[in-house]
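So, here's a batch of structures to check.
You will see subunit A twice below: alongside subunit B first, and alongside subunit C after that.
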Partner chain A sequence: MLATRVFSLVGKRAISTSVCVRAHGSVVKSEDYALPSYVDRRDYPLPDVAHVRHLSASQKALKEKEKASWSSLSMDEKVELYRIQFKESFAEMNRGSNEWKTVVGAAMFFIGFTAILIILEKRYVYGPLPHTFDKEWVAMQTKRMLDLKVNPVDGLASKWDYDKKEWKK
Partner chain B sequence: MATPAQLGLQNATSPIMEELIAFHDHALMIIFLISSLVLYIISLMLTTKLTHTSTMNAQEIEMIWTILPAIILIMIALPSLRILYMTDEFNKPYLTLKAIGHQWYWSYEYSDYEDLAFDSYITPTYFLEPGEFRLLEVDNRTTLPMEADIRMLITSQDVLHSWAVPSLGVKTDAIPGRLNQAMLASMRPGLFYGQCSEICGSNHSFMPIVLEFIYFQDFEVWASYLYIV
Partner chain C sequence: MASEVLAKPQMRGLLARRLRIHMVGAFLVSLGVAALYKFGVAEPRKKAYADFYKNYSPEKDFEEMKKAGIFRSIK
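Now for the complex of A and B:
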């Protein structure tokens, strides 16, 4: 019993690690993390290594051509050289996402679910309010508070005109 | 007493409470200023595209954000201590009243001239007179003269309680085996409500305090109607 629980704990960690590896395109193996790596970061514009490590034959030829004057390079060749060096451009790495819609939607869903629970609670679980919440009682209570001059400086009694016997306008 | 959904302090009935309200306004304004400054700075930090990763030292700003909070704290401490010492001022009380906390009611003793004492239980909701306040009314109110310094001696007969009347600015713990002194003075006649302010068991919410401040002449008439318990 205990053994299977321990195994499932280890098993879960192994599964999550392999998921992470798959998500990053098998680029990072666990023993690579101490070596210089490529990152797409706005605040680290020149990564430690190039994006493409193993050049094809045409890419090798292009790198040779790069050693000569750059004015002889075509636009496509310049873009190819950029893509050898970098995985995403700044525009691509800084792009926004639609994640906020998911977050807002999920938050509203749970708030709505909670509201349903509260409505059901009020309808089926709670007892009646005490009789002191009846409108007549509240009126008598308010009259008594005015007679007692409750909070006369800037509270309730200060809003009542005692001469005209009405609320101040 | 508080009006429904009241958020702020009740209006002052005693001079000390007036001082406390002014101090609360002062401290709260400082809190609002600091909080809005911090909120603004956070919003700036979250909405910038700029990055900066190479700060080594920042002596000038470190000086400012050490000295300035120290000054702000002093500006809060000085008025606070002033009021603290004000509550301990020597004054000659007209009357001494003992408030003793029990589970779950208060008892009051006026021992200056005769031994007058009574218990003060909450009026249950079912027994309220029309227009009375639920969970605040008591069967025997504590009657006191207005515009007089009153010495309160507060203790408990069993567990911890706390005798609190917000509009007078009083909250004093009732500790078994100990007498705590508080000074009361009301500038107005009327009824002033409070509730037990230290958890003391199942009916902690149901042992209120009602002070009835009346004119001097009427006070002695009232006291003569009490009998020895």
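Now for the complex of A and C:
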């Protein structure tokens, strides 16, 4: 389930432009990339060109009607004119999605996979720890640090009660 | 599409309102962080140093260390 969604997420970005052009064919020609294009962007509210470039006959008639008084336009005609000009409304282009769940899920999956690799590495690849990590050695080391009064104001020696010879509660 | 009329949204002064909110917010957040640091970190640290040095005797400290046997030049 997660895998298919992750692959579709990756695939959306990975499809090359030429494949997209072949699919759309007559709508977008590859030479058009240098011409002003239509974008749905919050910070560019009035794009350089209209969304629909080749109007059908009824749309051309509607554009003629638009040159007259606008109060004669019906609500559906106004919406039709809007949709000629723009692909998605602000509400549509700003809609949220559930993509974040796929991203978080995939990230956690790969972190977990890395954890498995690290466990295998510790078990089969690494040698033993140095003898200075043994419990007895660390105890001797800590005793010496307390004798030296390391960091007596805020640090290690400040947590030791020298009168009772135990850690402060 | 909707048959009822929607309320007219706020058209002007959007940036000014955003700036005002964020100026006030930034001021309060900085003040809060500074206060938290002062009373969470700075004051306890000053107190710890004051308490440590209130009854501190370097001679006593030295004798304790000598007895613990950490010095190489003095037994």
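In the analysis below, the second predicted complex is superposed on the first by the 141 of 169 C-alpha atoms of A that agree within 3 Å, B and C clash if a C-alpha of one lies under 4 Å from a C-alpha of the other, contacts with A are read in each partner's own complex, and residues count from 1 in each chain.
Definition applied: contacts are C-beta pairs under 8 Å (C-beta built on N, C-alpha and C of every residue); 3 or more make two chains touch, one makes a residue touch a chain.
As the structure is a prediction and not an experimental result, all values here were calculated from the model.
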| item | value |
| --- | --- |
| Joint occupancy of subunit A by subunit B and subunit C, clash or fit | fit |
| Partner chain(s) touched by A:61 [first = subunit B, second = subunit C, both, neither] | neither |
| Partner chain in contact with A:151 - subunit B first, subunit C second, else both or neither | first |
| Contacts of A:107 with subunit B and subunit C, given as first, second, both or neither | neither |
| Touched partner set for A:131, first subunit B, second subunit C, both or neither | first |
| If touched residues of subunit A are counted for subunit B and for subunit C, the larger one | B |
| Touching partner for A:50 - first (subunit B), second (subunit C), both, neither | neither |
| Contacts of A:79 with subunit B and subunit C, given as first, second, both or neither | second |
| Partner chain in contact with A:117 - subunit B first, subunit C second, else both or neither | neither |
| Touching partner for A:162 - first (subunit B), second (subunit C), both, neither | second |
| Shortest CA-CA distance between subunit B and subunit C [superposed frame, angstrom] | 5 |
| Residues on subunit A lying within both footprints (that of subunit B and that of subunit C) | 144, 148-149, 152-154 |
| Complex interface listing, subunit B residues touching subunit A | 1, 3, 6, 10-12, 49, 51, 53, 125, 128, 130-134, 188, 190-191 |
| Interface residues, subunit A side, partner subunit B - complex | 42-43, 130-132, 137, 140-141, 143-145, 148-156 |
| Subunit A-touching residues of subunit C, taken from the complex the two chains share | 1, 45, 48-49, 52, 61, 64-65, 68-70 |
| Sites on subunit A touched by subunit C in the complex | 75, 79, 144, 147-149, 152-154, 158, 162 |
